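Pasting the structures in now, so scroll down.
Next come two complexes built around chain A: one with chain B, the other with chain C.
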Partner chain A sequence: MRIKALWLLLSLPLVAAMPSGREVMERVVNKATWKDMTADVLMRISARGRERIRKIKMFSRKRTAEENDTLMRFTYPPDVAGTAFLLIEHSKGEDERYLYLPALRRIRRIASSGKGGAFMGSDFSYYDIGKPKLGDWKYRNLGMVELNGRKVYKVEALPANKKVEKETKYGKIIHYVDPQKWSVVRAEYYDRMGKLWKVLEVRSFKEIKGIWFQTDLVMNNIQSGSQSEMKFENLKVDQGLSPSLFTKRSLRR
Partner chain B sequence: MRGTGAILLLSILLLGGDFTGYMKFYAHQSLVSPYGFTKLGSRLQLNLKKSLGKIDFFSSLDFDMRAEEQGRGLSLYPVEAYITFHWSSVDLRIGRQFVFWGRTDWINPTDNITPWDYTNITAEIEDYRLSVDAAKLDWYFGNSSLELVLVPFFKPNITGMEIPGAKEVLPEQKPENWQEGLRFSSEFSGLNFSLSYWKGFDLYPTVVPDMQGGLTVQHPRQQVFGADFDYALGSFVIKGEGAYFLTQDREGTDPFVKNPYLHYVLALEWAASSNLTADLQFVEKRVLRWHQGLMGPYEERISRSASLVFTYKREGYWKLQLISVYNFKDGDYFLLPIFTYEFADGVNIYLGATLFRGPEESPFGRLKDSSRAFLEVKYSF
Partner chain C sequence: MRRFIDWEVKNPWKVIIVLVLLTLFFGYQMKHLRMNPDITAALPRSIPAKRLYDKMKEIFPSKTIAMVIYQGDIFSVQGAREIMELTSSMEDFKEVYSVMSPTNAKIILSSQEGIEVREALEAPPSSDEDVRGWERLLSLNPKVEKLLIADDRRSAMVLVFLQKSADEDAFAEKLLKFIEKFNSSHRGKLFATGEPVINLYISKGIAKDMGIFFTSGILLIFLLLLLIFTSVRGVLIPLTVVLSSVVWTLGFMALVGRPLSHSTEMLPILIMAIGIADSIHILSHYYFKAPKYPSPKELVRDVMYDLWAPVVMTSLTTMAGFLALNTSHMESLEELGIFSAFGVFSALIWSLSFVPSVLSLLKLRTVKKRRGIRERFRRWMDAYGRALVRYKTAFALGILLVLALSIVGISRLKVEASTIGQFPEDNPVRRAAEFVNRHFAGTTTFYVFVEGNRDGYLKQPSVLKTMDLLQKTVEKNPHVGATQSIADFVKLLNRAMHNGDPAYFRIPGEVEEEREVVDGRERTFKVEGEKIVAQLLQLYEMSSSPEDFANMADFNYRNGRVAIFVKTDKNSVLTKIDREISDFLRKHPGMRADITGMAKLILVVRQMVISGQFWSIIASLVLVWFLTTLMFRSPVLGIFNTVPLFFGIFLNFATMGILSIPLDIQTMVTSSLAIGIGVDYAIHFIHRYIREVKGGDYREAVKPSMTSSGVAIVFNSLVVASGFMLLVLSVFKGVRAMGFLLALTMITTAFASLTILPIYFITFRPKSLIKASRRVK
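Up next is the complex of A and B:
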């Protein structure tokens, strides 16, 4: 009896040290303290025996704690070079999305096709590349597991409501979080039927100003057999980007 | 034109800028007997862009080698050639350029600057819109902007309709005939809107009897007061665009001059998924100052149309687009289905058709001889 009490006493700090799933994801989501960011993004999409390359120059800034502005300029392939996409997020109300197609010489306002839509025809969805809203998911820490020789947190995320499930098209996500970097190193995405759909592997990271950035992400679509890789190069933060960059005027330049 | 050439030459002399362009093979076959090739050939387009701090040079030059019977040979055409000056809140662009106003698709009542070539509607806008020599100034302040446009030389639509014995008379090239306008754009609580004014000539031709008992094709003066907006709501974008056309026949008593009229479009665009979008539009034109018996033979007091633009794409693989316009009164219609296959990065194959159908004297029925099927292979570099 005394031994059992002692064991309980010794194990208490260990239990207390294990953060909840929500706490782990809070560390992941809220670690980004950069004000603005630029990067050259290379997207490699492999499907149906063909590989397609897309290159983008990306600019992003935090307008407020919860609102980002993002400008993407496509630089490759040549037939889409010059195309530019501007996203202005609003915490209240609709986000603004504008697309400049040089072939049409016109800026078009475009509707949101849902967070579950494919980003540039890749295996990444708009949700995958955006910042998740913590309130959209119910998290559960499934404990520490070993992944590629490192101890990582395994966190289960279930949609908080039907709307999130419908929008993201995910029935469940399993995140593997490196507690050294507070970054997701692997994620498994399940469809609404509970079948494994996609697996994200983060191949490399880069530390800038104490923040670990994912710089090489590979998404494997288990169901279709396709694969998309997103690589970030020339990553720079806090360059003091002008707010005028994130306007319709700059889409044309 | 000389100014355009000078800009072009200057741009080319500034080698070291970015060279881009495309090589395209095209075959357009008439869908009307005797079904000959209306266009057959290849085109090299060279684009040169050079930025020198606050000044950008851009020129886009087409080398067109045509092989069909009519129009065989090599031609050189500057699609665009302009200089843009950028200041902190002002951009000034001078030279040959495309100037588009409005927000709706394909039918834009406020867009009366850049003419159309209705005989050459294919997959690419630069084939069926004709750039103009213009000066355009954009002034940005807050979340608003003011655009001023000046077009010294009038360029009409190409309709492909021939009226035997009629002679086309274009406005003389003199300062009194310069066309000009302004457009104020702003945003309020997620609603983007513009107000515009354009003073120029009707891009569409009007046939009038002349003093010698013949016919002339004219482009009367008009003023256009326009407004347009867009608003996003979830997976929908609501758009609208309308204009009041103040013509020379303000009282509606001259049967050979268009009466003042209202022309507006209401549109609902739906992004069903990242692959599928549909844009449905309702269009109405209302002729004002209507006097029975004093109206042109083809004028209707109220004419209504609907248009649908449907796009399904597998990004990076293929895209299917259908553009359609249907006029309720005569039942005439325009269809433009285009299938685009991305053969490799930068290599696209376009297969499509431009179809005009309807009764002989209906708006689209009159254009039926311009119906064609087309195949284009394009390599961009």
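Up next is the complex of A and C:
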């Protein structure tokens, strides 16, 4: 009897401490992280019974805590095979982006003002795949719900200001976060009129060194009926990639 | 029928209760009535151009575009700032997906080491220098400049793309309010056009028309009835009949889920004008016979015995004329035909059930009939009949002369299909559209839809070159304001990848010789053009938003389209451009392409108006002939019934030619409706004449026919014509023209029935009339 009471007492703070929406998303975004990463990425876009496939070999490293270098080599389809894209992030000032076109054997630095919009013509926007800026959103934990037999947090995100709303074109996002993995397992994106627009489903994960990586993301565009999938294969982390990989010279291979 | 009449006179309350319940039911349904301003909805899906159009819209789910035009000193610090502000305000609307304006348009810049895709104006300018810089950047993308900057550089266009789920009417409403506010506080002035705005005006026009039609229709009928009957029942009973018929029809439309369009909006007037005739007919007869009867029930029974046959027959022929519109293959006209036939049918039911039921409940009252008007009419018709018999040659020659003159008018008849032309010249939507046509690329669009047979079809240099050549070819036509395709992007990117060298502002060849510098030495290498194109497009995808050309090529570059903006929707110009495009496509069979777009649909509508007009006239004439043949049990008499209709149709087209009223999707309805309604006059006259000609004296039969059915015919045609004249109050030009033409045709068919028929009868003395008269008891 006494033991039971004690147990109750001990577990009480745990129950009471339902994390806030912001706390949940912080844990998702700032999971213990990696130094470098490689993967084979498959991007599949399908609409009206047709599909387009792109295959990319991806290399990425953390140059500093805030800045990543990323090299993407396209391997499929054949007409763009060999094109390579290098992104060097700068937390202060503009990111550097270089593209190598093997057909012209030329490297060009490309500068682009407006980001946002669709990522490579897919249903993912640059915002969907980038690291979310927590300050851009007002989060609210709507509590635990059950999703595919698992208890997950349902977190509502509202744009913190008009600018975010205009740039992302979202009026609301609902994230479903698995507290075991601290990863988003599903997200619903609503347009600015509050109508459901896109639904993200994460179909598979891979655990490396205690970190759960999303390895199969499917975005369904409810309004247009199209679907995009991003699949990560041969995901490896911390292999000690050489910094020389992330230079203009290596674009030509 | 007689048994039904006996029954309803005995059970009037049962009839009334059933009618009231049905009316409540249909009235409740009216809540769900929608409006549909979409002009292309008139086209059947079976038309190839429409099918292609729908398919293209599926592949390029291009968002609805509203156009906001900024008028003012655009290339000044203040002008540029105001356009920036406008761009941002447009993005503030929740319905807006994206905005393309001269300030945020994407410009591709190139230099030795890189390519930059940037917005034309990234920060509000603070000096004239900044403004000049912006102007220079815009000129680097001449296609965009042409689309967004007016030819006199004194107005700018902002294109507003709407989110798929947006309520377009609500957005247009908000946009117009915003513009009003903006104009009162800024130096530049705004106005708007584009699909959502035009549709809002059409919807508003329909709603306004419905209000006007209802009130003026009720008022007119009220006055007419008062004039004819001078009694409460004489006003209220027919009014109840027509209003309930309108309620039934609109409720039925809502029930089967059909919206009000600017064709079907004339239903209330149509039904009121036609439906009133039967109850007037019954009531006149009722008052005429009333003095001889002791009780209302017997009176009503006998009145109905006399009249049910002509009432049913004229209603059936009218319905037949309307249903002939089904041969037009245009959805909104078919709807007009079906629902107006339903309205006439409703009025028939009400006239046969409600009118006798109520009358048999009311106490007999022999009103002191104001015989003044009727008597005067009778005298006039008597004089007319006599004149006709005496001067029949002069009359006949006069009619032939009118017909001869009509040929001149008909030769000037024009066919035009135009959406914007529906609005009067001073309407803001029309003014805006005309402004855009004058100063910008134009509002009417052809699309050459390129349908590839494999993914990446559009990346082939041969296909891109053909698209480019097509654009250059049609741009020679002065009415073409601009063209657009993925080929433009490829050219811009090719130039940018070659350090802005103007020699590379072209589509790469099948095999290109490119240069590279290795270890300080230049050398050349060969590469397939298709690879270059693929990688240039990849470059754009990686550097900016590929949505920029989502409306020119689909996501796997299988299908594409060339947009051709035309500065007018004049059918003759569109026909010429259409021919230029199809000539080009025939000469370049290597590119799998076909023509569609709103401009093409306009031409298809035009073609359908011509053939639809022809077939619906034939169909309604045949139907009317068939029904009257059955009715008079003689095919020859059936033909007599159609003669006045030919005269009416002839004059209708002549008037259109003389007054330059174009034959279009609206006015083409006139003939079929006029045949359905106008045949009643011939039926009434022949019906009477047969009875009068019994003795075999063709001349003597004219006079009594004139004073009895002649009076009724003149009276009826004036009532119906004045009803149709109410359509002249419409917002839409087509509806106005139709009201006028319908009214005119009522008069001409009535005139022809009372002139051509008697002249023919007394001149040729057809035997069939005598035969028919023997069948009459």
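In the analysis below, the second predicted complex is superposed on the first by the 232 of 253 C-alpha atoms of A that agree within 3 Å, B and C clash if a C-alpha of one lies under 4 Å from a C-alpha of the other, contacts with A are read in each partner's own complex, and residues count from 1 in each chain.
Operating definition for what follows: a residue touches a chain if its C-beta (ideal position, glycine included) is under 8 Å from a C-beta of that chain, and two chains touch if they have at least 3 such contacts.
Remember, it's a predicted structure, so these values are computed and weren't measured experimentally.
**Q** Based on the shared chain A superposition, would you classify chain B and chain C as clashing or fitting together?
**A** When both complexes are placed onto chain A, chain B and chain C end up clashing with one another.
**Q** For A:94, decide between first (touching chain B), second (touching chain C), both and neither.
**A** first
**Q** Tell me the contact category for A:192 with respect to chain B and chain C: first, second, both or neither.
**A** A:192 sits against chain C, while chain B stays out of touch.
**Q** Which holds for A:210: it touches chain B only (first), chain C only (second), both, or neither?
**A** Touch partners of A:210: none, neither chain B nor chain C.
**Q** First (chain B), second (chain C), both or neither: which does A:249 touch?
**A** In the superposition, A:249 touches chain B alone.
**Q** Between chain B (first) and chain C (second), which, if any, makes contact with A:103: first, second, both or neither?
**A** Both partners, chain B and chain C.
**Q** In the superposed arrangement, which partner chain does A:224 touch: chain B (first), chain C (second), both, or neither?
**A** Only chain C; A:224 stays clear of chain B.
**Q** Considering only touches as defined above, state whether A:169 meets chain B (first), chain C (second), both or neither.
**A** In the superposition, A:169 contacts chain C only.
**Q** Which partner does A:74 contact after superposing on A: first (chain B), second (chain C), both, neither?
**A** second
**Q** With both complexes superposed on chain A, which partner does A:111 reach: first (chain B), second (chain C), both or neither?
**A** In the superposition, A:111 touches chain B and chain C alike.
**Q** Under the contact definition given at the top, report the residues of chain A touching chain B in one complex and chain C in the other.
**A** On chain A, the overlap between the chain B and chain C contacts is residues 45, 48, 52, 77, 79, 97, 103-106, 109-114, 117-118, 120-121.
**Q** Write out the stretch or stretches of chain A touching chain B in their complex.
**A** Against chain B, the touching part of chain A is residues 45, 48, 52-54, 76-79, 81, 90, 93-97, 103-106, 109-114, 117-122, 126, 247, 249, 253.
**Q** Can you list the chain B residues touching chain A in their complex?
**A** Going through chain B, the ones touching chain A are 20, 22, 56, 86, 91, 98, 100, 103, 124-126, 138, 140, 145, 189-190, 192, 230, 232-237, 239, 269-275, 277, 313-317, 342, 345-346, 348, 378, 380-381.
**Q** Which residues, counting only chain C, touch chain A once they are in their complex?
**A** 58-59, 61, 91-92, 94-95, 97, 104, 106, 113-119, 122, 163-167, 455-456, 459, 497, 514, 516, 525, 527-528, 530-532, 534-536, 538-539, 541-547, 550, 555-556, 558
**Q** Would you mind writing out the residues of chain A in touch with chain C in their complex?
**A** The contact residues of chain A facing chain C are 45, 47-48, 50-52, 74, 77, 79-80, 83, 85, 97, 99, 101-106, 108-114, 116-118, 120-121, 162, 166, 169, 171, 191-193, 195, 197, 223-224.
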